[in-house]
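In order of appearance the chains are A, B, C and D, and numbering begins at 1 in each one.
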Amino acid sequence: MNLHEYQARDILRRQGIPVPPGDVAETPEQARAIAERLGGGVVVKAQVHAGGRGKAGGVKLARNPAEAAAHAAAILGMTIKGLTVRKVLVAPAAEIASESYVGILVDRASQRPVLMVSAAGGIDIEEVAAQAPERIHRLAVDPRYGLLRHQALGLGLKLYRDVGQARAAADIMQRLYAAVYAVGASLAEINPLATTPAGAVTALDAKVVIDDNELERHPEIAALRDSGGEAPSEVAAREAGLTFIKLEGSVGCCVNGAGLAMATMDLVKFYGGEPANFLDIGGSSNPQKVVDALKIITADPGVRAILFNIFGGITRCDDVANGIVQATRQFPLRVPLVIRLTGTNEALAVQILTQAGFSALTDMDEAVQRAVAQARTA
Amino acid sequence: MNLHEYQARDILRRQGIPVPPGDVAETPEQARAIAERLGGGVVVKAQVHAGGRGKAGGVKLARNPAEAAAHAAAILGMTIKGLTVRKVLVAPAAEIASESYVGILVDRASQRPVLMVSAAGGIDIEEVAAQAPERIHRLAVDPRYGLLRHQALGLGLKLYRDVGQARAAADIMQRLYAAVYAVGASLAEINPLATTPAGAVTALDAKVVIDDNELERHPEIAALRDSGGEAPSEVAAREAGLTFIKLEGSVGCCVNGAGLAMATMDLVKFYGGEPANFLDIGGSSNPQKVVDALKIITADPGVRAILFNIFGGITRCDDVANGIVQATRQFPLRVPLVIRLTGTNEALAVQILTQAGFSALTDMDEAVQRAVAQARTA
Amino acid sequence: MSVFIDGETRLVVQGITGRDGSFHSRQMIAYGTKVVAGVTPGKGGQVFDGVVPVFDTVADAVRETRANTSVIYVPAAVAASAIFEAADAGLRLIVCITEGIPVLDMTRVLPYVQERGARLIGPNCPGLISPARSKVGIIPGNICQPGRTGVVSRSGTLTYEIVHQLSTHGFGQSTCIGIGGDPLIGTNFIHCLSAFQADAETDAVVMIGEIGGTDEQQAADYVRQAVTKPVVGFIAGQTAPPGRRMGHAGAIISGSSGTAAEKMAAFARAGIAVMKRPADVVPLLRERL
Amino acid sequence: MSVFIDGETRLVVQGITGRDGSFHSRQMIAYGTKVVAGVTPGKGGQVFDGVVPVFDTVADAVRETRANTSVIYVPAAVAASAIFEAADAGLRLIVCITEGIPVLDMTRVLPYVQERGARLIGPNCPGLISPARSKVGIIPGNICQPGRTGVVSRSGTLTYEIVHQLSTHGFGQSTCIGIGGDPLIGTNFIHCLSAFQADAETDAVVMIGEIGGTDEQQAADYVRQAVTKPVVGFIAGQTAPPGRRMGHAGAIISGSSGTAAEKMAAFARAGIAVMKRPADVVPLLRERL
């Protein structure tokens, strides 16, 4: 789960990391009030889960509260990469002496949280990694000991010659590491970690991504979810306990298991079609999930055919068959349906489907080919 | 540093451990007010750094606020093992269904914090250890991982058959472990860990000892020190940066280094004398420390002779000699002084002492024998 | 011989009285697995289905039944604790089926397991099966056949699909291992490839990967250096968009890394026969054997 | 040969620019110790006394100077961090002079050092000296003489007192080791006894213990089982009252355990000659050699 910048700043601040003041506004009036409180120039930043906010016109400098309100009015309601801006962060327009990067993510290869720092901050770290990898310093932290003081200081000295600033940065790194475990983050970044003209080290912009698996144990973090930033079909799928990703093709896919779902999409493409979505109904085979899945797929106007690909292991084929029948009683399917079922309770499933007027295939390739053909002719 | 029960309860409560209500009182009126607020019967407990409070009459049950005030009046000002009671804890007189013991201390052999639990709670755990050691369950916690959930639950199941109570106890153990590291405790005990008739598990009495070396990093804990519970000479020594322990003999000892100080005391005893104190002036050799040391030793009316035993390594003998001379100018020594000095700048020290009218020995045995003899004849 | 499990496997089921644990315990018992104990705190002393003694702790279960392997079906919130407990009790093999364990939990679990010399398979995996010998986990026994092909996969149902192809065309399996779809797992492709290479009863290996991470690339390097047996490989997720998690926590293309194309190319460079679709597995195996 | 340090010891001083660090660095250099580097964060690039290069980190110092041993003189609040850093930089021997490190810090430091295969001496110790070869720490060089007696002690000045007795009566020392007065230390009596037993240049060992803990009792067991060289022992604290910390954090009699009487009895049972007073060391050694 992605957090907005203002939410990430709050988390860092609670861990004792120096973050400039600032607050979030949902109206121009609120933006004006915050700017008045802060005094001086401010920056108004769109809070939206998309990169390239600046280029899209979602970040603007304001010299006074009136300008802040005007910028907020322009930015609020703006669409950036398909997402509507509903909140802006209003923060002081800080003078910056230098910009560094500090980030922590869980690294698959070392199986540890990895701290990355670079004196080349303020720009996309992926760009630095591509163009000047030697400017990124990495440390795989041993989670049994946490980020040790001397390790953080060693990295701090890569960022700053001044030992006081290096120590301040090291302290921020140790607090950022603590924050990762405290909130269950899979990524926590400060970019830029800025120095002010007076020499203070401060977290100017922050990004935190929460591991979805942590949300149950961190209800206060789960409450930060902003569904406004997601496709409505994906919100509906999550609420139904389905894993769904909207794509641009015409073959709606409904599969059990993530690996098989990807392989099904790949096979659609292999046979010349385009998948309309990734959809995993999961291991358990509740008929209601099938109903919800069909509801979400059929709501996509791009879908021209629907393909079920079920390999019954824990998932019982009869449950899936029952779900399909229930769904077609509740709402009309406006597109052809191709069903492939094999495995647990296959015979029973075929019987249920046949009685309801559907036919079922057992071979995955055959089913995919047929669905692709029907999507093309439909 | 020992904490009072009421201070230990506060620490546990802040870690989320269930602790019954209650508060500390310094006057009978305060005790009455607390009892009124709590309602029902209360227990009034002397807050003093001494065991056997109950036997000494320092713990009394009160049926109502008036009785609580009366008991507080009796206990406040009472002397238990030489210490004057200045505070009482007023807490509800809880009904108890069962009593267990939970304690954590740092174990030298395993070099780890060791969790000890016993279903035989409410009594001195040393007694249980002596009489029924099989009733104590121990776990050396790996500090790299902390106390793990399954480990705590395994011990919880040794205390309670009911899995809900075992889980509650396990949760308390994990929080107690966290408390140890949070406050820098060398010992943290809950005794008894009690169950109420309704089945709740609660920390009825607590003991926390802080590692003195942690006080610098935990000023909020250092502020809890109650110097009223210590001998005034030891408070004065601590403030002067000296390590001093008052004993009952007649030979006052002033030594550099803890091991040599103990060996000096032992040698006093070997030659038929009794040491009046342990005193280590430490490694650095500030003359002022010597002055402070002499002030503290001479304040002890039991002292009949003073023995300096200095082996100059880092400690410079001339610094010690200068300290002795300065001290004797500031206040009269009413008892004989035997000085043994050897090592760094020994010759210079002898010269300083000789000029001031003192003589100095170089052999430890000879010096101790002479000091013992002078204490006897003085 | 088979890989990781065999007839000597003595299994303790953590969470045996739960919904998933009880269902799959019955399946494993029916398949012939020696399920010697179950664990549910507070239910020690009960007997599951009149057959399997239940204990409060894994340590108790090991002491009383000499279990040497554990399978975990407890909820995600306590699954890390269950792995810690299994490792602490001295079990040599720990199979964690549970999905949804926070990855930060795994950063602490994995060194703990390694320090004790135990092997963890999973989490978020279907477990493993050595057909006709032992089954630990949830792989449906009826789709498997005893034989000489080793199967290792990050996936669940996709594995079943491919195993089904193998079984119906006469390619039985020595062992099928689902290593799990999470970013941090206890046993990776290389561990399994090394075991299959050493296993006298395995002639060839089918390796089923997916997008995300670089495990398949490293496995390909390993195959080139150390595996002499034929390897056939598949990568799921050729059509997956970057930056979106495709169900599995580990199946996510980050930037330009972890794509199916990159992995298939690494396979090809290492001499691994690359399937274009699951149905290719049998023809490619026939070619290589 | 000597124990733990010798002419090959290349020393980095952590805290070289501090009050104690600079004083003792000069003493060590004067004694002939190869002080190859110093570390003080923020002072990298300076040169101590025109002779010893100073670095910001121990890793830098090791890379540039091939230091293999560290001695630590930093304040107690950062001493644990200094030990972590030394171990992380790959040093094989770490000598921590600093007094007052919280014991809970040591619970985390000790496994870290052990995992890296390093040896920690101390904390809260005077260090060690191999007379005429190398001195690491604060033991006054002038009281020592080269020779064939090994000395190991929990104490500081008491050690000097006894070493002084040895030197003035012709018993030189192979190595004198102060292991420190804290409850948790990196190197204990047994480690030192084992090294002295293995050292061809050591003929006898003097062991100086004190009240608190059971290290001396365990060392006595070890002597009985594994030490063939004569051992002479002393225990300080016969007159110490129970429950009071006698200066050293580790010197405290808890309940009935850790008393001097108990330790002296363990020594006697193990065949260790027990001194009644420091002056006994020379006659007892003469008896045994």
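Here is the rule we go by: a residue touches a chain if its C-beta (ideal position, glycine included) is under 8 Å from a C-beta of that chain, and two chains touch if they have at least 3 such contacts.
Bear in mind that the values here come from a model prediction, so they are computed numbers and not experimental data.
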item	value
Components of the interchain contact network lacking chain A	one piece
Centroid comparison with chain C (C-alpha atoms), farthest chain	B
More contacts between chains, B-D or A-D	B-D
Intercentroid distance (Cα basis), chain D paired with chain A, Å	55
Where chain C and chain D are represented by their mean Cα positions, the distance between them in whole Å	51
Computed distance of Cα centres, chain C from chain A, in Å	28
Residues of chain A engaged with two or more neighbouring chains	144-145
Contacts with 2+ other chains: residues of chain D	108
Overall pattern in which the protein chains touch one another (line/ring/star/complete/other)	other
Chains that touch, pairwise	A-B, A-C, A-D, B-C, B-D
Touch list for chain C against partner chain A, complex	76-77, 100-104, 106-108, 110-111, 126, 138-140, 143, 153-161, 164, 181, 183-184, 208, 210-211, 213-215, 234, 236-241, 244, 246-251, 255, 260, 276-279
Residue numbers on chain A that touch chain D, as the complex places them	145, 148-151, 153-154, 157, 162-164, 166-167
Chain D partner contacts - residues on chain B that touch it in the complex	106, 108-109, 111-113, 126, 142-144, 180-181, 184, 186, 211-214, 216-217, 243, 245, 247, 255-263, 265-270, 275, 278, 280, 283, 311-315, 342-344, 364-365
Of all residues in chain C, those that touch chain B in their complex	41-42, 56-59, 78, 81-82, 84-85, 88, 108, 112
Residues of chain A that touch chain B when the two form their complex	144-145
